Amino acid sequence: MQQKTLFDTAHGVLSHTVLDVRSVGVTFGSREVMRDVSFSVTQGDFITIVGPSGSGKTTLLRALAGLTTPTTGSVRFKDREIREPQREVAVVFQDYNRALLPWRTVSGNIALALEARRIPRAEAPARIAEILRRVGLTNHADDFPKALSGGLQQRVQIARALAQEPEVLLMDEPFGALDAMTRQRLQDEILEIWGSTPTTVVFITHDLEEAIYLGNRIIVLEADPGRIGADIRVELPRPRNQLTTREDERFLAIRHRLFGLLGHG
Amino acid sequence: MKLLAGLAFIVAITALAELLCDAHVLSPAIVAAPHDVWAALVAGFAGGELWAPIRATIFHLAVGWSAAVLAGVALGTLVGLTSAGRAYVAPTLEFLRPLPASAIAPVGLLLIGRNDAMIVAVIVFGAIWPVLLGAIHGFAEVEPRLREVSRTLHLSRAQTLWTISIPSALPDIIAGARVSIAIALILAVVAEILASTGGLGDWLNLAERSYRTPDLYAGVLLVGVLGVVTNVVVQRVEAYLLRWKESAAWR
Amino acid sequence: MRAPAAFLRAALLPLAIFVVWEAFARAHALPDSLSRPTTIFAALGAELLDGSLFAMTGQTLVSAAAGWAIGAVLAIACGIAVGTIPALRATVGPALELMRSVPPVALIPIALLVCGLGPKLEISMVAFAVFWPIIIFTAAGVRAIDPRVLDVARVLRFSPGARIVRFVLPAASALIAVGLRIGAGIALVVAVTTEIIANPSGIGYGIAFSATTLRPDQTFADLLALAVVGFAINALLVAGERRLFGWARA
């Protein structure tokens, strides 16, 4: 059930639709993972997608990333149909330890994105230094991933994504494997990064409260097969605060609603 | 500590051999007394006769082994990274793997003759296998997530090969290279014996034929030293190239 | 349908090589040192029919097996000793690792002096060569035994000999098996190498003799036979190890 919200009707006039999901269905073999999912993402949004396991969250993200082609329907980036990964779309995976190059240092991993964009060698050090500063990894520039904690490794992956200077940042349960404190710290960091650039973020999570805390719009997926259960606008003030925002009445109201829709976290 | 214990043991054995030889328990026609072997070594180095064989064998090893490693990686890339290669070529390679490499030596003699080229060719043909199979295995085990990362970053095929596939396969390739140098040494000796054109293998053969046991044992010793030295060198290189490897899980 | 299709794809490359080689040989004259595939297969057939291939193969396999068995028995016995007595392990251990890196081929001339030509040469070379990996793996296998297993044996008042046979050997058998398999691979290689360089019997000698007498058809035929033998033995060893010791891997 899709709710018509303000930006859906206003696209093209006040803001741009950067991602358009049209009746996407995904079937693997005999298993229908996703059915008739449609929504649009406006540029500059921070969308969180939340749902239980089996709701096809990761499949949806992979379709947005161009890693999986939908069986029915289509995903469009601006005006192009996505069949392959797009340069302007960056992906942060949940398993950071498998997504980083263990044989390169932190700087080297970030450099990989610059090499892919064919940035001249001479420019790279300055750009890398800037990105390291933004994510707080300057002290670890020459460390290998194996020497870093999970939280730091995930930051490296985020840094590499930023080095792509993407228009859209897709994040697949990026903080799921981290402890609560690190998770909270990274939540605020990603909000800060998002706030300082025109990037659009699509953030997958199974954590209801994380979904409310981060996004300005929550898409709720129901399971078996995955389909949209609700599309909720989050009207909480920014900047968000781990203490006060989570105690805000509106936060709690949305939390109640999500619990009602999904049972439990 | 381990090194000392090993050396002490060797010293003990040598002393025992010396005693047995002096007491004429061991026949000099079969076992050379350690002091005679030492004398032969000194004479060989001082007089210069040992330098030529050593240089020749090292030359054969260097050329043969490096060619084997390069060819092994190149072929391994072609076979390991293309599904056609894996389906059509890999099975034949698996079939040929258990073939004793020294059997190539007479074939090399037949096809090329008695010269340096034959020795190097035999080394390459035998020493390429561990590297080739290591590369194929390494490329098959590239982390699938990294393949996806290369797609989302839009790395070109060449970039993916250079930044992801080859470094990922490197541990297997280097392990293959380590086995490869041991095989290269064996084949060098075998081929040199057959070719009779120089090298430590030839030295051993001639010494045995003329019952010059001190020279023979001296030669065996040098081959052993060469084996240990080459193994240590490759191990050091391996440790340096793989210093990024996860030794303890940081979670 | 999967297995036969994969087999066909695997056979495609060798078939293609034979066809191209044969076609080239029929169109141009080959040098004395090469022959065409059909001639090679004819020579192979002749050797099969007159029994010479079986005789050669038998000689090699018997020498390799005998050497392997002798070396294995000695190595397992010494390996148990080294594994259980810490003093032995400390003194002898590093020397074992050192001896393992000495290429056996370098010792063939010495063995020649000691044994002269004949089966004794080959068998002693094989025994010597397989001794080192087997003793190292046996010692490692013994070291890895859970001490409680040995305690149980002692508490049940088994004699040292019975302890070894009923407790130590079975417990260490997984690693010993690995050593035995590596040894078996080495056995064939060392046997063939000895035949190529020194001993006039077996397939290795067949290849060397055919090569030096400029019979390329026989050379390649024997080479092919050796490849098949090597492949078959390796396959048997892998299957055998999996069957007998699959439980240890769990």
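What to note about this one:
Order of writing sets the labels: A, B and C. Residues in every chain begin at 1.
Here, a contact is a pair of C-beta atoms (placed from the backbone, for glycine too) under 8 Å apart; a residue touches a chain by one contact, two chains touch by 3 or more.
The structure displayed is predicted, hence computed values, not measured ones.
Among the remaining chains, those touching chain A and also chain C are B. If each chain is reduced to the average of its C-alpha atoms, the one that sits nearest the average of all protein C-alpha atoms is B.
The interface holding more C-beta pairs in contact, when A-B is weighed against B-C, is B-C. Chain geometry summary: the mean Cα position of chain A and that of chain C are 56 Å apart. Distance between chain centres (mean CA atoms), chain A to chain B: 51 Å. Each chain gets one centre point, the mean of its Cα atoms, and the points for chain B and chain C are 19 Å apart.
In chain B, no residue touches at least two other chains.
The residues of chain B lying in touch with chain C in their complex are 2-3, 5-6, 8-10, 13, 29-30, 87-89, 91-92, 95-103, 105-107, 109-111, 182, 185-186, 189-190, 193-194, 204-205, 207-208, 211, 213, 216-217, 219-220, 223-224, 227-228, 231. On the chain A side of its complex with chain B, the touching residues are 65-67, 84-85, 87, 89-91, 93, 95, 98-99, 101-104, 112-113, 115-117, 144, 146-150, 160, 164.
Those residues of chain B that touch chain A in the shared complex are 143, 145-146, 148-149, 151-156, 159, 163-164, 167-168, 170, 244-248, 250-251.
Listed in rising order, the residues of chain C touching chain B in the complex are 6, 9-10, 12-14, 33-34, 90-95, 97-98, 101-107, 109-110, 112-114, 185, 188-189, 192-193, 196-197, 203-204, 207-208, 210-212, 214, 216, 219-220, 223, 226-227, 230-231, 233-234.
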